[in-house]
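The structures considered in this document are given below.
Each of the two complexes below includes chain A, the first together with chain B, the second together with chain C.
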Partner chain A sequence: MPLRGSPSSVRPADSGRTDKTQAGQRTRRTDPGVPAPRGISGQRAERLAPYILLAPAIAIVVAFRLVPLLMGVNFSFTGDGERDGTAVGLDNYAELFRDPLFRTALENVGLLVLLLPVAVAIPGLLATFIYLRVPGHRIHRSVYFFPAVLSPVLVGAIFNLLLAFDGPLNAALGNTGIDPVDWLGDPDIAMFTVVGVHVWATFGMALVVFLAGFSTLDATLLDAARVDGASLPQVIWHVIVPGLSRTLQFVFVTTMIGMLTSMFGLLYVMTSGGPEGATYLPEYYIWVQQGEMNRPALASAASTVLFLLMLVVGLAQIALLRRAGREH
Partner chain B sequence: MKRRALWAAVLVAAMTLSGCGSAGSGSSSDSADDKLVVWDWKTGEESAASYIKQAKADFAEKHPDVKVEFVAQPFDQYYTLLGTAIQSGKGPDVMLFNGGGEIRDRTDALLPLDDYVAKDRKRLAGWEAFTAQGRVYAAPVTLQGHPVYYNKSLYKDAGLDPEEPATTWREFLDDCKAIAEKTKASCLSLGNKEGIGIQFFLSGLGPGVLTPQEYDDWIAGKRDWNSPHVRQIFELWKEAEDVGLNNDGANSTALFNDAFARFQSGEAAHIVGLMSDVGHWKDFSEFLDPDDIGVMRAPLVNSEADPALPYDGGIGYGVAEWTKKPKLAADLVRSLTSKDALKAFYADAGAVASDTTLDVSGGGQALTTIVSEIKTGKPALHVALSSKTLDLMGRLSQQILSGSTSVDDALRKLADSDQKG
Partner chain C sequence: MRRVRLRVWVVAVPMAALAVATIYPLVFTANVAMKTRHDYILDRFSLTSSLFWDNIATAWTSVGLGRYFANSVIVVASAVALLLLIGSMAGFALSHLRFRGSRALFLCFLAALFIPFQVIMVPLARVMADSGLMDTYPGLILAYVAQFLPFTIFLMTSYYSGIPGEIMDAARIDGNTTYGVYRRIMLPIGRPALLSVGILNALFCWNDVLISLLMMPSPEHRTLMVGVTSLRGQYSDDIPTFASGVLIAALPVLVLYLFFQRQIADGITAGATKG
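Take a look at the complex of A and B:
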């Protein structure tokens, strides 16, 4: 570990450009208090201390995050089965992009991005109603949050029963004269069903964030808008949305991350990637290749692609947040 | 003060490092010479307790000073965990496998057992499922197969003779018609949500389509996906849906356990079920009268076909290639397939054990029929396929059911995938 730091640089509070001389004076002033024999070793200890204190955290990040990440990327350039351990260049990546199943998984990621505004609008609207004190808003607040405490497996199992072809939802539709819908068995519908259930299960958290955002909203603006005769949609669009822009961005980012990384449980329980492979997402694909097909190197390649995808999405979101931050 | 902080930091760092060390060195292959580690997903189940106890006793008799540790892994992650162990070349000495693709895909990590288990070859059935390139990689514990079960009480309700199930596909369709007219049940219970329904259909009803020569060729790896009879199996799959033999929403019905539950509760007259573990004679008899559960041969679609019971080795124990004690580990595998242990497994866990010399007369009529056909049985058709082809077949079968792909197109893709494998 390089030890290039000067004593002043290891004390962030004193290292500001403006009060450097003051800091030096203060150090000198405290120095006489330290017994002479401890001077040199004490100084050295002081110089080493921050690195040692940082070392465990850095070691953990390097050992358990960076090294496995690089090993995984490296592993994705080797073969599976008979070619285990030999370098195969970009073969795995070529195979990935030839595989219609992986392309479906990527298309579904695109679909999730497109559905993101809906997933954000639902908790946003419901939070608005609660904030505007619709009748029963106290009950709604707790009821809306309730699904957020259920595990995806449980939620999946419940909706499997509700959405079965001969299940209660289709029975209710039948009573109103509508033909039964194969919610989880029709490839054109199943992905929307799963996303719908995911939104139902997780919107409570976003709702709470929105409510927290509302508490920072200036109530006088709302009153003023009302006095000016603004309708509800106008109030939402011209007063609430601009006032909540930071909250909205936060919810966008967290909802996106949630959709891309925590749908596995639901997919596993509700559709197993089916029907016809229509509900595959990259993480499910990775799991199938590694666990079911015994293709760990191909799974590593898919993981690397997912990592790059998340990196692009994450950087784009950070850039958006920065730009929005400058506007304020 | 500063010195104390420094020491604290050193201590934390030291603890962190030593923590890493102990986490990484817990691998079982470093265990002492007098210990064997077994991985499976069975030991956690209460019904397998007496089986494990018997096997342990048998092994302890031969090797009193060797300790055996059973590690029960969750089944849904079993092959993922095993894959990690194989990747690192460290792990258990003995491990449980499903027969067929699961073990064949992983033979690089396994020790050929031919020389060790020679004495058991005659007593046990089901070796083919654990054989690859002519070498045996595990000893069968249970047999897994796909008999066609039918509900005799529904047959009675429909005015059919419950002791004379259909022997040809024509008769079968007529019986289904009668069942549809007289009862509320569907003719077949099909769960194809995971794409497993087609595997059971292929293995359960395929024997009534292929000629014995075609059947043997298929198992031997000479599969002609364009032959008229193979095409006929997939056309039957489509026909069964088109003429309404299946329950509604087969693509969203899970085989485990929704489709089985349908049959169990009398909502379907037939199901291609299993012989061991779940979805079998013992499971069904929890809700149906054991005397009402019948087992029939695959109805003849072609007169040249000669249907036999489709079965393979179900689960079996293999020995890791990296073990330092191959002889001991193989002896443990032999204990795990000893007669007394398998008897306990059959009685408690409801499995057709691989030992053909066991007495099964207490298991009901369906089991007796199944066991009587083991001698003439043949390996199941789908077990011969690679996991990749099975996965593809699952998706294509869903597309055939929903009408979004044709049988021709599906067969072309399957032939392609099978040849690559």
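Take a look at the complex of A and C:
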């Protein structure tokens, strides 16, 4: 999961520099003491320097990210196949919401939203214990983090081996007298299995972010709470949660984005959307429509829905956490 | 100080168990990769009695993972080199040069960070096909650069913002042009950030499957991760060879992780803590 930064956290250019340097720069242009780059072409190159340095970045982002984004919204209002390029209004969206596979995908997004607090609480609690120096905390940190850097494809492949119906996990369960479970073949279970594997593979990422947040926490507050005889749950609720509100917000948003956009590898390897379409997510639906069904316009409509979904989820979470923070 | 002596083992034991549960699937896979097929069917769990390298050799040659491995190395190395070059130039300009639209441009890059690949992949495929880049190495490299550039710019800008402007002013007085400042001052100073961002980008590109699936339809252009997914069908009855493929693909990541764990964590947390 490419980690996204919180938008307000870095300011360009002037963050460390004040108007003083700005004035300094303005005068430098006419200051004869500074050796100016030689020649008129040199001066022009100097004046254009920011734009020249930024040109490749701008070109790539515009051509391969912004243009496609606008094209995609546009595509979603045109037809597929024979109707390629002609405007069809909202037909694609109507088809999308009639399609049981896409509906399952949306239901599964709902499930992910419900499971989100768990996916945040697990690394949060573990980070708390590591911060409190549970025995072996150094090793734990390294071990927990490793699966987070492993490709979802490899994670999925490994769990394919472990979770096969006649695989090791069921064999081990069988030894303790538990009936084998069809982890990936039962439509009622498969989605939970995949989400479980996703959480197993990525909780280390959130854990590391939490630990970085802890390093900014005022340790004297914790000590004060301890001296006052606060219990561990009280300390977590009254000291750690408010103290880490920014980190929590960041983890909530990135975990949700991760669930919506980086489970493709797992789905592709572990279930291919099955059984009976039970493990579809919007991103997998987009891939199937584009890569296998040759329905780019329909896929674009699904893309637009996914984008709006992410926007709503992100904004809602930020709003919720803001309010929670204010109440404290 | 931070002491939770009371019932510390109530927490410590499950956490140790979780650590084992985290590492066990990987150990299991490595163990299986070393077994003969016969041994695997007889007993999946026991520690392998032999180091049976034939599986690895089979996966590397007859399955063709060697070819895919080379493809991945070429693509990842080129993409990372481009990302670092373009990203550091942009980061330097956004953090230290004044020009009209600097702030707006930075915000645009930030916004681009929030466009997930799934949202743009359909039209991107068409852009790539129209420009003849579909199913070519430059096409896949460009797709990776486009995907991870906003993140790279964000981190490089934030790193360079912490470097005082006086350093640049001094270099200017010594007669450096802006380009000279970039090459002689900013690139060397940026080394820690470049290392961290470079390793993260290498991991992202190496681990990717969706972009590669979309951009490289021909089997001979497959990257390693796509190659591993294709093993699943062909070698579903030869688990040790399948596990060997997984091991081959995971090994470079493991090596990077062992050497650069701190840089990886730094890069990931940089966005979360600055602010």
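Basically, the second predicted complex is superposed on the first by the 252 of 328 C-alpha atoms of A that agree within 3 Å, B and C clash if a C-alpha of one lies under 4 Å from a C-alpha of the other, contacts with A are read in each partner's own complex, and residues count from 1 in each chain.
Throughout what follows, a residue touches a chain if its C-beta (ideal position, glycine included) is under 8 Å from a C-beta of that chain, and two chains touch if they have at least 3 such contacts.
Keep in mind that what you see is a predicted model, and the values were worked out from it rather than measured.
In the superposed model, A:279 lies in contact with neither chain B nor chain C.
When the shared chain is aligned, chain C comes close enough to touch A:154, but chain B does not.
Once the two complexes are laid over each other on the shared chain, residue contacts for A:104 go to neither chain B nor chain C. Using the contact criterion defined above for the overlaid structures, shared-chain residue A:92 touches neither chain B nor chain C, since it reaches no partner. Of the two partner chains, chain C is the only one that A:71 touches; chain B does not reach it.
When the two complexes are overlaid on their common chain A, residue A:294 makes contact with chain B while staying clear of chain C. Of the two partner chains, both chain B and chain C are touched by A:46.
Contact with both chain B and chain C is seen for A:63 once the two complexes are overlaid on the shared chain.
Annotation for chain A, partner touching more residues between chain B and chain C: C. In the superposition on chain A, A:255 makes contact with neither chain B nor chain C.
Comparing the two interfaces of chain A, the one with chain B and the one with chain C have residues 42, 45-46, 49, 53, 56, 60, 63, 160, 287, 290-291, 296 in common.
Only residues 1-4, 8, 11-12, 15-16, 18-19, 22-23, 25-26, 28-29, 32, 44-45, 86-87, 89-90, 92-99, 102-103, 105-106, 108-110, 112-127, 142-143, 145-151, 153-155, 157-158, 161-162, 164-165, 169, 172-173, 175, 177-179, 182, 203-204, 206-210, 213-214, 225, 228-229, 231-232, 239, 242-243, 245-246, 249-250, 253-254, 256-257, 261, 264-265, 267-275 of chain C touch chain A when the two sit together in their complex. Residues 2-13, 15-17, 21-22, 24-25, 28, 34-35, 37, 42, 45-46, 49-51, 53-54, 56-58, 60-61, 63-69, 71-72, 75, 126, 129, 131-136, 139-140, 142-147, 149-154, 157-162, 168, 171-172, 200, 204-205, 208-209, 211-213, 215-216, 219, 222-223, 226, 232, 246-247, 250-251, 257, 260-261, 264-265, 268-269, 282-283, 286-287, 290-291, 296, 299-300, 303-304, 306-307, 310, 314 of chain A are the ones touching chain C in the complex.
Chain B meets chain A in the complex at residues 2-3, 5-6, 9-10, 12-13, 16-17, 20, 77, 79-80, 83, 87, 105-106, 108, 193-195, 247-254, 258, 387-388, 391, 394-395, 398-399, 402, 404.
Residues of chain A touching chain B in their complex: 42, 45-46, 48-49, 52-53, 55-56, 59-60, 63, 81, 84, 101, 160, 163-166, 180, 182-187, 271-272, 274-277, 287-288, 290-294, 296.
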